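Next come two complexes, and both contain chain A; in the first it sits with chain B, in the second with chain C.
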Partner chain A sequence: MKRRTFLGGTIAAAVVGRTSGVVAEQPPIKIGMSMAQTGGLAGGGKASQLGIEIWRDDVNAKGGLLGRKVELIVYDDKSSASETPAIYSKLLDVDKVDLLFAPYATVPTAPLMPLVKQRGLLLMGNFSFQVNSKVGHDMWFNNAPWGPADSWAAAFLDLGQKAGGKTMALLAADQEFAQNLAVTAKAVAKKLNMSVVFDQAYPPNTVEFSGILRALNAAKPDIVYVASYPPDSAGILRAVNEIGVGDNVKIFGGGMVGLQFAAVMENLGSLLNGVVNYNTWLPEPNMYFDGTKAFFDAYTPRAKEAKVDPLGYYLAPFGYASGQLVEQAIKAVGSLDQKAIAKYLHGNEHKTIVGPIAFSADGERKDTATLMAQFRGIKDKNVEQFRSPGKQVILFPERLKSGELITPFEAART
Partner chain B sequence: MDLLLDAVVIGVLLGCFYAAVSLGLSVSFGLLDVPHVAHPAFLVMASYAVFFLNDRFDIDPLLAGLMITPLLFLFGLVAYRLYYETFEKRGSDAGVRGIAFFFGVAFIIEVLIILQFGVDQRSVTATYIGKAWRIGDMRIPLRLLVAFAVAAGLTILLSLYLSKTFMGRAIRAVAQDQEALRLMGANPVKIKQWAFGIATAVLGIAGALLIIVAPVDPILDRAYIGRTFCVVVMAGLGSMTGTLIAAIILGVVETIVLTLFGASWAPAISFAMLLGVLAIRPQGLFGRRS
Partner chain C sequence: MNRNSIAFWIGAGLFLVVVALLPQLIRNEYPFFAAYVILQFIVLSVAWSILGGYAGYVNFGTSAFFGVGVYTAVFLFKATGAPLAVQLAAAAAVGALLGFAVGLLTLRMQGIFFSIATIALTIVIETSVTNWRFVGGAAGIQMQRPAVMAPFDGYVQMLVFVQALLVVLAIVIARYMQSSWIGRGLQALKDDELAAECTGVPTLRLKVLACVISGALMCAAGAPAAMYLQYADPSSAFNLNYSVSVLAMSLIGGTAHWAGPVIGAILLGTTQQLLTVTISSEVNLLVLGIMLVVFVVAAPEGLIGLIRKASRKRAEREA
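And then the complex of A and B:
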């Protein structure tokens, strides 16, 4: 018996040894992407990439996927849409990657959609807004919590209407993403019987917003919906602080890009108070899921070292979640067959560090998880304060809520 | 009517800010014929230096701007010498190659800023940022008043320097006829180098104003290439008071269009105005016909 056991053990050891030899020899699973490492989107792009890298390290520490290590191949797209088609062709034809992750943001992603549709490839999207609405690719999945196109504006305007708002002012940057938001905001306002009393698109690189704000104040709106980019968001809030917006404004904000980034928040400090703005993840009680805390414990020191957004709430956990989505799908289907992975992603709900994710037919979230949160009690020049709960109180969606809207806007600013 | 008055007042203040960030270019491009497309990159670099001093040592941004002025002067001397030795000295096509040189310098500065400060926006704190001066119903942002005062002071100083001092007059002479200056026994290259140093030194204060008026990021220079060249060309190359007045015209027109006619039109109107001025007066509003 002892001899047989010994023999069995020897064979088992030999098999294990051989198998591990095979594991060592197997090439890694290559995931390719471009990312904004320089240019206007780099602040977000670098944080997003770090989130994906933390997932890669976690999954490799657990033995990889299908017994193979995961390798990321990342090129800088300089935040430019003109760079991405060539980069993705290279990823596919030269680097021979197994899976594609999209670059951060709408504009660099948009030109890739025809390519992936034509070649029948899965593309894990990264915070694009409605890039698949006209393309209709059934292997596109967006990691962002946006959900249906109008949910963003609907959540904000609904809060405004409940606070007694009947008229809306719309101030949007003259760029694709902001204009998409503006179009949906006008459609939602119409549905809610809300009149649009001010509607302005301002050009990129506008230096001074005092003039625009005066014109906006003259229209005396109840709700001010702003769809702006980072440099402008800061300019607009400075002007609001200097010029004021009047007591009639119940709610201000909505779609201001930039107020999710630590450096911008730290710079603006108390100017943020009262603003209700979209966000994706915040350190409020209902936002912690399995692995969320561990992720931020890993992210914080690495972000400091890499000079990336020290908070990383907006993009980094969703980069990690992108990895979790493909990880779960690959494990479930047992192969890298992209059609099978897409089918699995469409057909199931997936547990991630940003909460459960289920996709609708267009590859966007079935239900929106975009947060509308109000800045409260923010002090100047202190980035650490944003790690505490209560600084950005979640007003929407209901299941993640952590407080009620303080209105009017001027009252909430103190 | 109130809105129009508001727009004019804000426009004048904004115009003064545009003048402050364009004065250096008025010297380097306007007087010296150096195709200095890296001027806005130098400006942003100065803003980051001001940010560093403000953030680390809590020094007032304007004072920080003054503190870095000598360093920028030296930087300007070295930059011009490098440009002269590698490009200008070599012949008639130096202008086109010079543009390539300065574009290269601008990109290098952008990358160095990203490496040192990261890609995020940076801004400074000061008592006059975020507050407004109230006159009746009108509120004027204090940061723009500061820009107005500093721009006016800079213009006067630079005009006095160029007209009253020996070196200033030499700089104007080198702009008019280098050969004549050489015959008088002066070295035009040294005078141009000095002038380029002055043009760069001015960016200390201008960079401080840039970050006082709005936050900066490493690629902000690209937004200012059009504006600064527009101001300098519209003014008539080399005219300091012309630069101030052209910048004010640009600021007022831009703000009136932004406030009353729709923000999307603002850049188009500004540049249409430039084309209009050049069509009627090719030498610019305040330039002398050559």
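And then the complex of A and C:
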């Protein structure tokens, strides 16, 4: 080897070494969010965060984004709306994060919407419900499968109507989410020419439902649409178990929050049978997309370790999908320019572990992918049974369907 | 005016000047968000201790007053687009009325029963607001802030100044009450209501007055929160957390002197803000809990009690 070649080679190697050193030393891409670690939403918040963390680990194992590692900065918002403005201001002004993810659920997210709109920032939503409808921010994207506001009630009532239902009873908690559902349910019922024969809002923290249920039975509805929170969902199903709902009820459930969480499902066991309720992901054959199985293989042991929801179907894969959405967008636009990322997210369909996602102008899903599923053959005190297919049969949407509705409700309960 | 008073007024003036100038010095918005929360707790704690500290009526209804303040502002903003000053004044007036009603409660209820009644008050009002569709009902309501007023260039900076004004107002009132016949009368009825009445202290009038002032201040502290969050929902506005935090702040600081709740609110409020952005998990609840227990055991009269004890000892030593 000539001396000059040797020298050149050495210099070249040194330069390359130096540059690769620079790449490795590049600051990480910081993604900031608050997440409920304490308070009423903590159960969901922790599972959702674990999903996002699994994405971070996966993307970092693949070398990061734009050659930079991804770092998450997460603060506890105590499930409260009053904490999030200060936290997000800290994330933006002190931590100087590159991207924002929203906290889990509607209430902690709501105060952020004016903030991100005023500052022109992209916000990746996390299971909020219609939080952008009045604000109209064009850089908001919800990871939840809700879709158009009325699709939720429409799916359930449509199933009921196909089963021969003509009248509806509405039982809803007097709280934010349940009331949103109740309002859309009434509008959809009107559209479907369905008469509402019973309409009851009950105060939060109600534990005894037998009186309300007797009044509901007296109205002899064909369809019972319930919008409830975890403690009342359990209370309502216990009351149904005690006094029944009559043979005329074709379909029961719809918007019962809590029946997606492993602890509640394990606790209720066979009382769940027959209920048709919303869900977001279920271990049915049509629900596995590229990477879904690998995600749950990673989630299950980590959930055990972190003591969060052992099944994690409801929120965790969507947290991962949020990561996938920004990952694809950043790769496609080749920068962290939020306007370009938003434009890309609006203009394309994205492959995620929860299926293809396309956004409409308001940042919600173009088409609903909210599942309506019927509990079947559930036994008491066994959380592992929910891992096998056939326990929650998907009736809607058509493209993900895994079975037909068993009706009337009383027949499906056994 | 004695030397103490002059120092107090100069201090208050300086404080307001510094708060007004801060936006020029600090470009970063986060300190203002954090300061807003701490100042809000100072107003609430000082207001709480007017009734709870001076008169000994433990009020668990701070969240009721705070929430009423929030929703008065929300209602006015939605109905008439009223400016912040009007929202504040109206909230104070509504708070005074609510305080008057609570004051009348003290006619029949004392001690633990009064405290329970104030918790009930929170629940009753929260349920009513939950069912009031005009202000968003259970789903809450989102609002867009109007343009910021000169000389401020940011809305949060302006809200911090407004809250600082409320802090000064609350402290001035508390300080006046403490050193006047009102404070002495309240002190007397705290020790023994019957004996105070027998010696000619107008107990009912004093209690109602304390309730009215305390209520008006708490509601006024709540009013800017609507514009701070640009969102209001019953479960956040009437969160029992406000009642508990304010109680803890007053107890940790000490309730015998107006400075007690101020010190308590600064200490606990700052700790809460720091923990939120540092430990940020269940552990921060534990830290707060431990702090409370330690103070209750080691300093039952709060930090003010400790300071007084120390200065008394020093005086004895010097004598």
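What we mean here is this: the second predicted complex is superposed on the first by the 398 of 414 C-alpha atoms of A that agree within 3 Å, B and C clash if a C-alpha of one lies under 4 Å from a C-alpha of the other, contacts with A are read in each partner's own complex, and residues count from 1 in each chain.
Going forward, contacts are C-beta pairs under 8 Å (C-beta built on N, C-alpha and C of every residue); 3 or more make two chains touch, one makes a residue touch a chain.
Keep in mind that what you see is a predicted model, and the values were worked out from it rather than measured.
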Of the partners chain B and chain C, which touch A:Lys90 in the superposed model: first, second, both, neither? second
With the two complexes superposed on chain A, say which partner A:Pro203 touches: chain B (first), chain C (second), both, or neither. both
Given the touch rule stated above, what does A:Asn180 touch, chain B (first), chain C (second), both, or neither? second
For A:Tyr75, decide between first (touching chain B), second (touching chain C), both and neither. second
Of the two partner chains, chain B (first) and chain C (second), which one does A:Lys62 touch, if any: first, second, both, or neither? neither
Look at A:Pro114 in the shared chain and tell me whether it touches chain B only, chain C only, both, or neither; answer first, second, both or neither. second
Identify the partner contact of A:Thr38: answer first if only chain B is touched, second if only chain C is, both if each is, neither if none is. both
Where chain B and chain C land on the same part of chain A: residues 38, 174, 203-204
Residues of chain B defined as touching chain A within the complex: 3, 6-7, 10-11, 14, 17, 110-111, 114, 118-123, 125, 129-132, 139, 141-142, 144, 213-215, 217, 219-220, 223, 255-256, 258-260, 262-264, 266-267
Chain A contacts chain B in the complex at 38-40, 42-43, 46, 174, 200-208, 210-212, 214-215, 218, 230-231, 234-235, 238-239, 241-244, 258, 261-264, 267, 271, 307-309, 380-381
Along chain A, where are the residues that touch chain C in the complex? 37-38, 74-76, 78, 80-83, 85-87, 89-90, 92-94, 107, 110-111, 113-115, 131, 134-135, 174-180, 203-204
In the complex, go through chain C and note every residue touching chain A. 28-30, 32-34, 36-37, 127, 130-131, 137-140, 142-145, 156, 225, 228-231, 233, 235-236, 239, 241, 273, 276-277, 280-282, 284-285
